[in-house]
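Structures given as structure tokens follow.
After this come two complexes, each holding subunit A, first together with subunit B and then together with subunit C.
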Partner chain A sequence: MANVIESAPAVRRGRARTRRAGAPGAGSWIRRVPLVPALVFMFLVTQIPFILTLYYSFQRYNLNFPTAPRDFPTAWNYEQIFGDHIFRTAVLNTVLLTVVPVVASIVLGVGIALLLNRYVFGRGFLRTLIISPFLVMPTAAALVWKFTILDTTFGILNWFLRPFGLGSENWIGQHSQITIMTFLTWQWTPFMVLLALAGLQSQGEDLLEAARVDGASTFSIFRRITLPQLRPYIELGVLLGSIYIVQAFDSIYIITQGGPSTDTTNLPYYIYQTAFQAYDIGRASAMAVIVVIATILIATLALRAVSSLFSSEGMAGR
Partner chain B sequence: MKAQKRTLADRQATPLTRLLLGLLTWIVVLIFFFPVLWMALTGLKTEPDADTPTPHFIFKPTFAQYASVWKGAGGLNSLPSYLEHSILITVLSTLIVLLLALPAAYALSIRPVTKWRDVLFFFISTKMLPVVGAIIPLYVIARDLHVLDHQRLLVVLYAAMNLPIAVWMLRSFLLEIPRSVIEAAWVDGAGLVRQMRSVILPIISPGLAATALICFIFAWNEFFLAVNLTTVNGATVPIYLVGFVQPEGPFLAHLSAAATIACLPVLIAGWAAQDKLVRGLSMGAVK
Partner chain C sequence: MPIRRRRRSGIALLSIVAVSSLAAAACSSSGGSSGTSASGVTTITVAVTANPLMTTIEQLTPKGFEASHPKIKVKFVTYDENTERADVEKDVAAGGGQYDVVMLGPNDIASWAKNGWISDLSSYANSDPSYDVSDILPPIRTALSSNGKLYAVPFYAESSFMMYNKAMFAAAHVTMPANPTWAQIAALAGKLNNPSQGVAGICLRGLTGWGDNLASLDTVINTMGGSWFNSKWDAQLTSPATEKAVSFYVNLVKKDGEKGAGSDSFNQCLQIMEQKKAAMWYDATVAASTLDASPSPVAGNLGFAPAPVDKTKSSGWLWSWALALEGASKNKSAAWQFMSWATSKEYIAYDAAKNGWAAVPPGTRTSTYQNPAYQAAAKDFAALTLQEIDSVNVAQPGLAPQPVPGIQYVGIPQFEEFGQQVSAEITAAIDGQESVATALSKSQAIAQQAVIQAGLKK
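Showing the complex of A and B:
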């Protein structure tokens, strides 16, 4: 069977063929009508701007000099970017500030999910508490972290650390990358907990019991049964986590403003600065184009790896 | 969440191990929840109680900060107008999303078009492209159309932001409707509209509600588009909060009270949608 991967849709197509008289065929235009408004809307709002971004990126377009010639088409912006050391820093920062929180939140998320999947007093209540960091407005959370938790003098973190001889750390000023990574990990761990819990609850208790009766240790059960079961869920966590965390902006804008210097300037923040503080529309657009191309490349690879998750009818009951 | 039952692993563990693991669970969860708790507590303090190097855990709670957030004090704007914008924008954009997504999800599940797979991937691909890739033209277009700082701008953009999620999520709910139910409606001669209203909608109404809540959460919390495209008239709650970045004088209790109000609607929505949260966030991939 060459068609194994396609089996789920094939089943559905087979079902569609058994439809009653009066239902129009799959190719019929009337079937497409319900789709048109959503498609047109998405095309207008999301695709046109991207085309314009591409167009602007080949112009010398600065809002400070509205009458200056734009020299379309010119590769000037791209030449500027490739000689720009801040851009290179921003690329590295983006990778660092994405990879570390994704990995950390998945490791923590799986760990907490394993704890919560046991018999624990007040489990439902604990689950409600653990999803809260993901729900609270990132802007609000970032402000609360910045001023009431991380602040050198008034922050409660330094108060907690004082007995350990650490009480006067300037977290935001001197450990800015760790601060942002910690914040993002805190924000995204709850999501990974929920995903991992869904995965754990889909695994059959029988298999675990059998393994235990056979004398397998807790660790080898985790490694040989639980982890392979969780794999698709972890992959999905990596994919979704990366998509969102790579765009991290709120926390950087509020906690560090990309600093000190450019230590926490990631690509979204650098593009924001170029466009809305330097008003260099052309150069910011060229950077955005590079980001989009990089994202498409990475997302295509990632999607190929996890597309089975989306093409099947979902992951329940696998 | 499944009904609690003791797994074999639990039963084999000694009471002490069970106790220690339970304790560890509580400690870890409370560490994660602490910033939220601290925000809510600090909002109930007076400024002298809040702005201290040694935190006051025992204090006389007061709603004075909430009152001053509501009225606007100390050179800060008052919250209600921003709340009003946020509510209007999130509700309208969520309505638009549902109106567009439900028919689309129908055409991608119950009676799928031939290229349903490509269409689904088009929707999800728009979520993968970073917003920074579109923000500059959006700014220029909005300026030229004179809708910068208008609420309707964010309504449209938030609808586009949430539409792919809603399509995927609603599709996953529609696929769960038993085939026989829909075919019975066809046999009875029900048209598309009647089929929708009397058969499909009642079945998926919990799913529809969960989808609306997810869209509401994302729109309510959105910051990047709001900060770049609005200043006053279209500004939402996150923009109000940004006013605290350069503070003057003691303000921690004031800030915490404002932040708590800003978070409360979404916390309530999220707690209410708990069981469907994973499904929404994974766009229907995880049931």
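Showing the complex of A and C:
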């Protein structure tokens, strides 16, 4: 799965470089020499595995059947995948389980950041508390959610609800997608808070004061000044949030195991199942290849359409 | 000025993206290395699953084995069940020889033996009279053999049975029959279910996993006359008998089972029984050694009954964590010395001397069950465990012949994937997300497709 993620930034990086290449002059390459080891390392750990994945994807290669013919090259794996309804479900689930948590954590994150940016008593302490979900190991956090909070018999949520007659709700079983979305939102909101806070603190106090003197209302200050200034930070939040949440695996593996049925099976989990429960290396590789191609396409188009992050011209123009 | 600052932060952010994706790509893999060093000491690497009994042997090995075998050093590599299987399979499939001894279950024996991934142990076992291979319980020996050759030796083994809280039975004025049927269990569960007190009539597994909810469910399917496949590999998951059994199980757990059963398996039910939140529990016989032992709040207050039946005489499952010798191992003789010690009478006695008789690996040897000290320590469940293991028929646990042996699993490598998918459908039915009929018709398609792809069904 790592390949999936690397490739998109790689494309973007390439674009950013070519646009800027003319300006700085001949000295630029010498300044960049220290980057070379990192680039070589990147190539070794991302591109060689990708080429191997591509090679395996055209074979009928299952670890369980060492003596079966591999039929290289064959499109068998790709045919299987395009006829596979679980794969289509996994694509839809991946979109749903990424978009909702990203949007929700950004909305919550900006809201909390606005509150934390005011002078309130114990602000430093509050900030530390807010960040803590991000610092807990994801696996440990998922276990706490599964057994301590959401468990039907022993969970604290049902314990709170019991006096109101709602204490036997099976949260994980009957609201599995919402459970995963809530967990991911809970986990990623602090990250968005940090980003939005950084944006808010780079905001010039003189500008806001001038607006207030001119008689602007609090809402229009937020709408016309703060939000446009936060825009690159929010875009970055969308980008990083999507990169990380699209590969959500640990929470699904621990809390729902992709179920019930295939309700929370996303692409990383399905590829894991294919590779490590079916041991079908060929089919898992083919899925990974499809995911990489789709990610590059979507990321390129989406970023070109909405983002000003990676083009300095776009920023200077505003 | 603000614009300039933002531009710079844009570049800084780019590097964050690059660095974090590098971190994501970085992965580590560790494993064992085996071989004979210059001083003539052979190191053997053993892959085991994380489990209290395996922890015990790891602790006992230095003094119990290495001290008397100075030329052999044992290195344990411990993983959770799924990781162990994936890692071992990668190694054996590639002929890597990273491990000398691997832990596996009966479902892998036939295909791994056929692929040459594990070695035939018959000659080792037969040539060592003190090992006394005929002392190993016959059903376990059969489950670990393929084509009459022994491919693994059992570390511990289990069947399944019914456990119940005697105090709750007394309070409700009901008794457990000596050989309960599932209909009787359902009636008892109805009487014992007490939602206002938060007490369930019965705790049953609902968690997704072929080793989780399907293990319990498959024994119900078998005894009610259903099956996974007929002998021609036609999937039978929508047959009337299978559908009746699955409906029975799902309805029982929905009506009188623990709430939120879709997240529960062995460990959760163990906790529920210990907290007195359920009156009965159908699960592995090995549960008794935890539930009926000293730290448990219900110890001494438990009754045990055979696995409930319907149309068959018995219906317990059979499982063993067993040690096999990897085909690519370069230290086979040293590896066998360790395997034979770990599964010997000598080890059981040594473990008993250190940790008490109740804690020894159960279900492997006739001599353990004939030992008066063990009979006394495990008096409530020892005889019943032996009876359950002795009564299984791995080749045909249900009413009809099946294409491959196996009770709570289908003994082909593809089962791990399609069993997982079917178990997810069963969880959906238990959680009320789909009807039993929908879950089974999806499962039927999954199972049939899997054996067609495998080339078993023409």
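To be clear about the criterion, the second predicted complex is superposed on the first by the 259 of 318 C-alpha atoms of A that agree within 3 Å, B and C clash if a C-alpha of one lies under 4 Å from a C-alpha of the other, contacts with A are read in each partner's own complex, and residues count from 1 in each chain.
The criterion applied here is as follows: a residue touches a chain if its C-beta (ideal position, glycine included) is under 8 Å from a C-beta of that chain, and two chains touch if they have at least 3 such contacts.
It should be emphasised that the depicted structure is a prediction, and the values quoted were computed from it without experimental measurement.
Applying the stated contact rule after C-alpha superposition, one finds that A:T262 touches subunit C and leaves subunit B untouched. Considering which of subunit B and subunit C touches more of subunit A, the answer is B. Residue contacts after overlaying the shared chain place A:I254 against subunit B, while subunit C stays out of touching range.
When both complexes are overlaid on chain A, the residue A:P34 reaches subunit B alone and has no touch with subunit C. In the superposition on chain A, contact is made by A:N64 with subunit C only, not with subunit B.
Using the contact criterion defined above for the overlaid structures, shared-chain residue A:L96 touches neither subunit B nor subunit C, since it reaches no partner.
In the superposed pair of complexes, A:L240 makes contact with subunit B and with subunit C alike.
Contact with subunit B, but none with subunit C, is seen for A:L116 once the two complexes are overlaid on the shared chain.
Of the two partner chains placed around the shared chain by superposition, subunit B is the only one that A:T53 touches, whereas subunit C remains out of contact. Of the two partner chains, neither subunit B nor subunit C is touched by A:I225.
Touching of subunit A by both subunit B and subunit C, each in its own complex, is seen for residues 9, 12-13, 16, 38, 41-42, 45-46, 153-154, 236, 240, 243, 247, 276, 309-310, 315-316. Residues 2-3, 5-6, 9, 12-13, 16, 38, 41-42, 45-46, 63-67, 86, 146, 151-154, 168, 170-174, 202, 204, 229, 232, 236, 239-240, 243, 247, 256-263, 265, 273-274, 276-280, 309-310, 312, 315-316, 318 of subunit A are the ones that touch subunit C when the two sit in their complex. Partner subunit A is touched in their complex by these residues of subunit B: 1-2, 4-10, 12, 18, 21-22, 24-26, 28-30, 32-33, 35-36, 38-39, 42, 50-55, 100-101, 103-104, 106-108, 111-114, 117, 119-120, 122-141, 156-157, 159-160, 163-164, 167, 172, 175, 179, 183, 186-187, 189, 217, 220-221, 223-224, 227-228, 237-238, 241-242, 244-245, 247, 251-252, 255-256, 258-260, 262-263, 266-267, 269-271, 274, 277-278, 281-287. Within the complex, the subunit C residues that touch subunit A are 2-3, 5-7, 9-10, 13-14, 16-18, 20-22, 24-27, 82, 86, 89-90, 93, 111, 115, 195, 198, 206-209, 258-263, 271-272, 275, 277, 413-414, 416-417, 420-421, 424-425, 427-428, 430-434, 439, 442. Interface residues of subunit A, counted against subunit B in their complex, comprise 9, 12-13, 15-16, 19-20, 22-24, 26-27, 31-35, 37-39, 41-42, 45-50, 52-53, 56, 111-112, 115-116, 118-124, 126-141, 143-145, 147-149, 153-154, 156, 159, 186, 189-191, 194-195, 197-199, 201, 205, 208-209, 212, 218, 233, 236, 240, 243, 246-247, 249-250, 253-254, 267-268, 271-272, 275-276, 281, 284-285, 288-289, 291-292, 295-296, 299, 309-311, 313-316.
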